[in-house]
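Report on one structure; see the data block that follows.
Order of writing sets the chain letters: A, B, C and D. Residues in each chain are counted from 1.
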Amino acid sequence: MSTTLETTTPPAAPAPERATRLSQPLRLALYALVALAVLSLIRVLTDANDLTSAGTVSAALTLAVPIGLAGLGGLWSERAGVVNIGLEGMMILGTFGAGWIGWQHGPWAGLLTAVLFGLIGGLVHAVATVTFGVDHVVSGVAINILGLGVTQYLAGELLADSPGGGETQSPPISALPRPSVPGLDGVLEPLEKHHWFLISDIAGILRGLLTNVSILTVLAVLLVIASYVILWQTPFGLRLRSVGEDPHAAESLGVKVRLYKYIAVAVSGGLAGLAGGFLAIVASGIYREGQTGGRGYIGLAAMIFGNWRPGGLMMGAGLFGYTDAMQLRNAVAVHALLLVVFALLLVVTALNLYRRKWVTAAVGLVFAVLSLVWYLNSDELPGPITTMTPYVTTLLVLALSAQRLRMPKADGLVYRPEGK
Amino acid sequence: MNADTVRRVGLSLAAPALAIILSLAITSAVLAAAGNDPFDTFKQMIEYAKEPRTTAMIINGSVTYYFAALAVAFGFRMNLFNIGVDGQYRLAAMLAAAVGGAVSLPPILHVGLILLVAVLVGGLWAAVAGLLKVYRGVSEVISTIMLNSITTALIAFLLTTDKLAVQAEGSNNIGTKPIPASGQVPGIGLVPDSPLKVYGLIVLAVIVGFLYWFVIEHSRFGFDLRAAGRNEEAAVASGVNVKRMILISMAVSGGIAGLVGMPQLLGSSYTYSLDFPAGIGFTGIAIALLGRNTALGVAIGALLFGFLDNSSQILDLEGVPKEIVMITQGVIVLSVVIAYELVRRYRIVAQQREVGRRLSEPPAPAAGNDKTPQGAQA
Amino acid sequence: GGGSSDGSSDAGDTGSAKSDVKVGLAYDVGGRGDQSFNDSAGVGLDKAKSEFGIDVKELEASANETDSAREERLRLLAQGGYNPVIAVGFAYATSLGKVAKEFPDVQFGIIDDSSLEKVSNVTSLVFAEEQGSFLVGAIAAEASKSGNVGFVGGVNTPLIQKFEAGFKQGAESVNKDIKVQVKYLTQPPDFAGFNAPDKGETTAQGMIDAGADVIYAAAGGSGSGVFKAIAAAGKGNWAIGVDSDQYLTADSAVKDYILTSMLKRVDTSVYDFIKSAVDGKVLTGKQEFDLSDEGIAYSTSNDAVKDYEAKADELKKQIISGDIKVSATP
Amino acid sequence: MPESEGAAQSETGAAATVPAVELSGITKRFPGVVANHDVNLRVRPGTVHAVVGENGAGKSTLMKTLYGMHKPDEGTITLNGEQVVLHSPADAIARGVGMVHQHFMLADNLTVLENVVLGAEPRRWGGFGLNRAAARTKIREIGKQYGLEVDPDEMVERLGVGDRQRVEIIKVLYRGARILVLDEPTAVLVPQEVDALFEALAVLKGQGLSIIFISHKLDEVRSVADDITVMRRGTTVATADPKTVSSRELAELMVGSELPSPQTSDSTVTDRPVLELSGINLIDGARHLLRDVTLTIHAGEVLGLAGVEGNGQAELVESIMGMRSVDSGTIKLTGDDITSWSTRRRREAGCGYIPEDRHRHGLILDAPLWENRILGHQSRKPNVRGPLVDRAGARTDTERIVREYDVRTPSIDVLANSLSGGNQQKLIVGREMSGNPKLLIAAHPTRGVDIGAQTAIWDLLRTARAEGLAVLLISADLDELIGLSDSLTVILRGELVAEVDPSTVTPEQLGSAMTGAGEAA
């Protein structure tokens, strides 16, 4: 018996992932600290103080939230096995809902409408994919077209004659409160201004994160945490994820597969709508046609980037928001990023050498040298190039670390109940 | 059997019909809700579409869409989602235009060169995503999304007067050096008494469409492609080198994408300028899905979208918001697949009934005997 | 769009002396209600409409459309008996080139393009944006205490580069070693830069953090974001608007921070053009609007600008007299 | 047959207590298919009741009905004397019915714990949270109680089949089932694991649980069951007493055919080596998947590879087929070094492959049969002409396979997924046999396939072998392995640890060698 037990588990199996999973928070913290140190060092060398300034961080936050929320929407539905390319469309619906109601009845009402509109988009997706078993991508693409068409059509009908608005934009929406942790600013600002190694960086980051933050940003962060708790720490979440991993197994244990898929996709839509609401109300204070600018897709990317997990998703969105803030705010800092890339590549190359992956290492080295040379032979990047920053960075990071992605087993598969 | 074929044909017609009816109904509802007379609106569009010039415009629009949709469809055939067609065709068009404007060659060669450049650029740009997927495991969905934005920046970087662009006197536009006559493709008077000619490259579209069909359906490569698309593991076991397939199909998809801008470039604008149409790649996705990734279906889808886009021009003049057609397009994509899905389910059930009829008869032992595994001893 | 059709219906009763001229106007992407470039043209049209009681038809453009679509829009107007027909934005140049040939007896006007000035039935309505930008640049330099000002361009096109060029020269004319931060929000064909207040705000914030205290927003709808950032930075920081007098249109929270606006009177050009047609001696060829004819100007509705007007008007004279040549390219 | 019916009567008469399960007159129709027709089954409480029948006889369908996965069109279900209507598995579970499915119903990316508690989660935070701690303890208890130990926090995808089987049973016990349905639970187990399973069943029985047990292995059935019900063509045709009935009689009741024995006729082994592996090593990061594997298969030889699943068989097969590239060592096919060849080239050189998982590696389920026939032969006649696919050629050859290998299908245009597994398997065998291969790698060629099809496949292997085919046979069915092989090698932890003589070895000895218990002995 016991011998059987030992041998039937594949002996070749590597150290169980659990062990690593336990120490993961520590590892991440360590990584973060190292990364920060490197960043700080480069900041000191190049005195591109914007690399870790409060301004950058808070801008990054604002830019990351819509992507993060959209990605979170994607995460909910894909965890239940429904691919959601329609995020963009649902987001567009959200922006319009927020603008249309927002300028008349205030931001909170607008926000609610945004969520509602997104949710409707989600339900359409659910009906198509779950009830009619349509290919998920097709439905998603259709919803993107619909989202655009419906909003433009409605805007023409509902906003054309609004004061200070028009067919393509809403009148301004009043802003939401931006609370701060009291007393913090006074302490951190001087610290940051000294530009000390590491200390000022931490001060800057804290200041960016804790002062003058939109209430909606706070809400967004809470939603990410809540999503983790709900999906990974509750029976509801377990059932929802099981539906995305193996619907037939779930079904055989009495889980109402379709119900959970519906809930997940609806929530997904609601979150995408909220992302749109954030864009309109917090980021812009106004609804404008084409406001989402493909953020739905970026959100999707962030989710995959984050390996279908809230933490990873947050990192993905954060990285994107940070680099985007960088390129919008400060060309010098972007230029300094070249050095960061150089450092990053060096580390990775070292790892590859250690792992005896010669080719990969060589490639990495080449790119490292290139970025260094580029840095040394230029004192600013041309405007258009800087706008590439977030996209290139995302690709770069993925290329350096994309292997162990694990999407839900039944993700994107059309589910048909036993015997149907 | 004959009755079968009749039914099969009937079914394959049922789906599109159902879809059209559904989308017309919904569109009408939306129109009516906003106080516009649906019937009148459709009449307007059709009347307008029947004008020779508009017909020509519709065909031209469809030609462009066709390339885009084929590019996407090719990827879909082996489960690759190339969202990057948009970036691929823009970069290809821009560089091809630059080359075409820079050189002077005898007509055929000149055009050939431009097309070649376009295909190569599109293919290589797409191959980047392929490489990332094969060697670094980066999902092509992300990489192509990112590459689209990178393309935009790249073009902006290159399209300046000190690099590839020229600025006409008094113009605020900026574009590549215009392609001389030798590099232009004359239009064809396909539509009788239309002052507007149909893009000469419609011929190329037909050829590419045929090749697409032939390669996918009749070649070994196509078989491997579809095998890898439908069951990758089985394909590997059968000796398909999936990594290579991914690279090739990504590159081919991008190559076709490279052609998207050509009808416009060589048939009408002759330069890649700031107002060169963008976003066709995304329309292509919708059309590819609408056309079930088949050469013919995609052609029909392209014509449908071409019709809706162009004939909607008249609506504004009549005070009907032309965004309505976008709603129609979305609804069509959705209702078509729903219709196909319903028909597909019906087919499967029918087929199982078939299997059942032959396999499981009323359990009378007499009938049973000849079917017992006894017979297995061959 | 839906709103536009009523233009023709109630034309009669608004006007005083009903004219039988029918004016067609094709907007650029963004269309009526963009609180910016297109609206400015709309204002001119409305003014003409109510004064001459003319018939008007406005058509909207849609994003990512082809030349043939623009062409068709102009053609539809010309066929519909509208004369003159006005095309708003340089994107129409190519298509207008073709359509103008088809309708020799229709007079076309195009804004922001003079590549067709040789064509007899096309009137080019163009502006010397660099001149006005020069003045606000000078004002910015005067108003800046940090000797560090910013330029936020909506989309990186030659047209917006004219604004940048003028602004830089103006600023330097006052303070030769002033620092001018320049940023374009997006690159064509991504025209989102003209309606991305969030991007505008982030960029402006970055410029302020980098020391700028006056920022010129040549970014259409994204300007509101720039104003927000300036207002957040508080007293002593100034924003400069563009196209119309944004001190009058911006919402109360930020308006006081809008020192002045570079006025590009698209409305005037449209109005003048229509008027000339109504009067039967239609303007032709290249109609350049600049400081001399007030087609380009800077707004003084915010009293804060008073302190700098003297200098600005001084420079204005020199530009008009030609003592100062303002280059249109950065 | 009548006398056995009589036996059934007396049986029921004898049963004094209320039956735990009584299915009467159950009829279940699927589109066009009568899967169950007037099925009657009664299970005495506290007994193991075996249900046997050929593929497609309707066993799984019947059990799914009992488990509430679909409603019967006719007939009644009575549990412990109470007639019930089951709308969903949830209902069945609530009434103490639990089912272990024929094909594992486990989510790979979830932990054992999550798989077990799914749908019946212990709660905390006032019913909102998932109480893992409680679950862990309960699972450990069950483990101790029935000797079904599995680490609750292990990812299922890391488990071998034996452990997976345990998890399935724990799932059921966790829900406090009193009636257990096990659908072909032993198909993938080695004798030691089977024994372990049966020990567990004994304990359960001792606690008064009733167990319904489905299997194609009749000896097994006779050793474990208290009662046997035989199904054929969708209906129950007899009940039998395991103490008196012989496997042969059972087989006759099932299919009217005699129980086939996989004895090989006299050896056809030649001295022409076909496949030569020397010093094959396969390393994946830290894991040594194959260590120094060296073996030779000659023409006309069937080499049996015995081993508990997950000990490197799959990796070995994939290395031979070129789906993995080995880190060291050489592979020779009839003399040529093919170590660096692509899979396609190896296939062209005459490597046939019957994969372990026909659905994943063997077929394109949503493609018609004739396209599936091309699969793996994309570069060979009659499927292709030059760079083009030769539809006509492929179709006619598919017709041939369907004919010669008795694939039960209405036409070669139906999709592969509308064939029963057994028939799918025959199609694959036929395909791999065509283009006369030199080497055939047969992984579990008869898994889940009924006796009739088994016989057919065994015969095919024998004939091919006689014609000089070299076969590498991998199977969990040790009788099959011993019966067919000319020589037997045992693989353990990626190493070839023992050579045994099939003519002398018993399944038990082989089993202990496979589990490493042999090493000690």
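Quick note on the criterion: contacts are C-beta pairs under 8 Å (C-beta built on N, C-alpha and C of every residue); 3 or more make two chains touch, one makes a residue touch a chain.
Per UniProt, the chains are A = ABC transporter permease; D = ABC transporter ATP-binding protein.
The structure presented is a predicted model; accordingly, all values stated were derived computationally and were not measured.
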Shortest path length from chain B to chain D (each step joins two touching chains): 1
Between chain A and chain D, centroid-to-centroid distance (C-alpha), Å: 44
Intercentroid distance (Cα basis), chain B paired with chain A, Å: 30
Cα-centroid distance, chain B relative to chain C, in whole angstrom: 38
Chain centre separation (chain C, chain D; CA means) in Å: 76
Multi-partner residues of chain B (each touching 2 or more other chains): 34, 152-153, 156-157, 321, 323
Chain D: positions in contact with at least two other chains: 30
Sites on chain C at which at least two other chains make contact: 1-2, 60, 63, 156, 187, 190
Chains that touch, pairwise: A-B, A-C, A-D, B-C, B-D
Chain D - residues contacting chain B, complex: 30-35, 37, 54, 56, 232-235, 255-257, 321-323, 342-348, 353, 355, 360-367, 371, 374-379, 384, 387-389, 391, 404-406, 408-410, 414-415, 418-419, 450-453, 455-456, 459-460
List of chain A residues in touch with chain D within their complex: 1, 3-18, 233-235, 237-239, 241-242, 245-246, 248-255, 406, 408-409, 418-419
Touching residues (chain side chain A, partner chain B) in the complex: 124, 128, 132-135, 137-139, 141-146, 148-150, 152-153, 156-157, 294, 297-298, 300-301, 304-305, 382-385, 387-388, 390-392, 394-395, 398-400, 402-403, 405
Touching residues on chain B, where the partner in the complex is chain D: 218-224, 226-227, 230-231, 233-241, 348-349, 351-360, 362-363, 368-369, 371-378
List of chain A residues in touch with chain C within their complex: 50, 53, 55-56, 59, 62-63, 156-157, 159-161, 164-169, 172, 279, 283-286, 288-291, 293, 325, 328-332, 383-384, 387
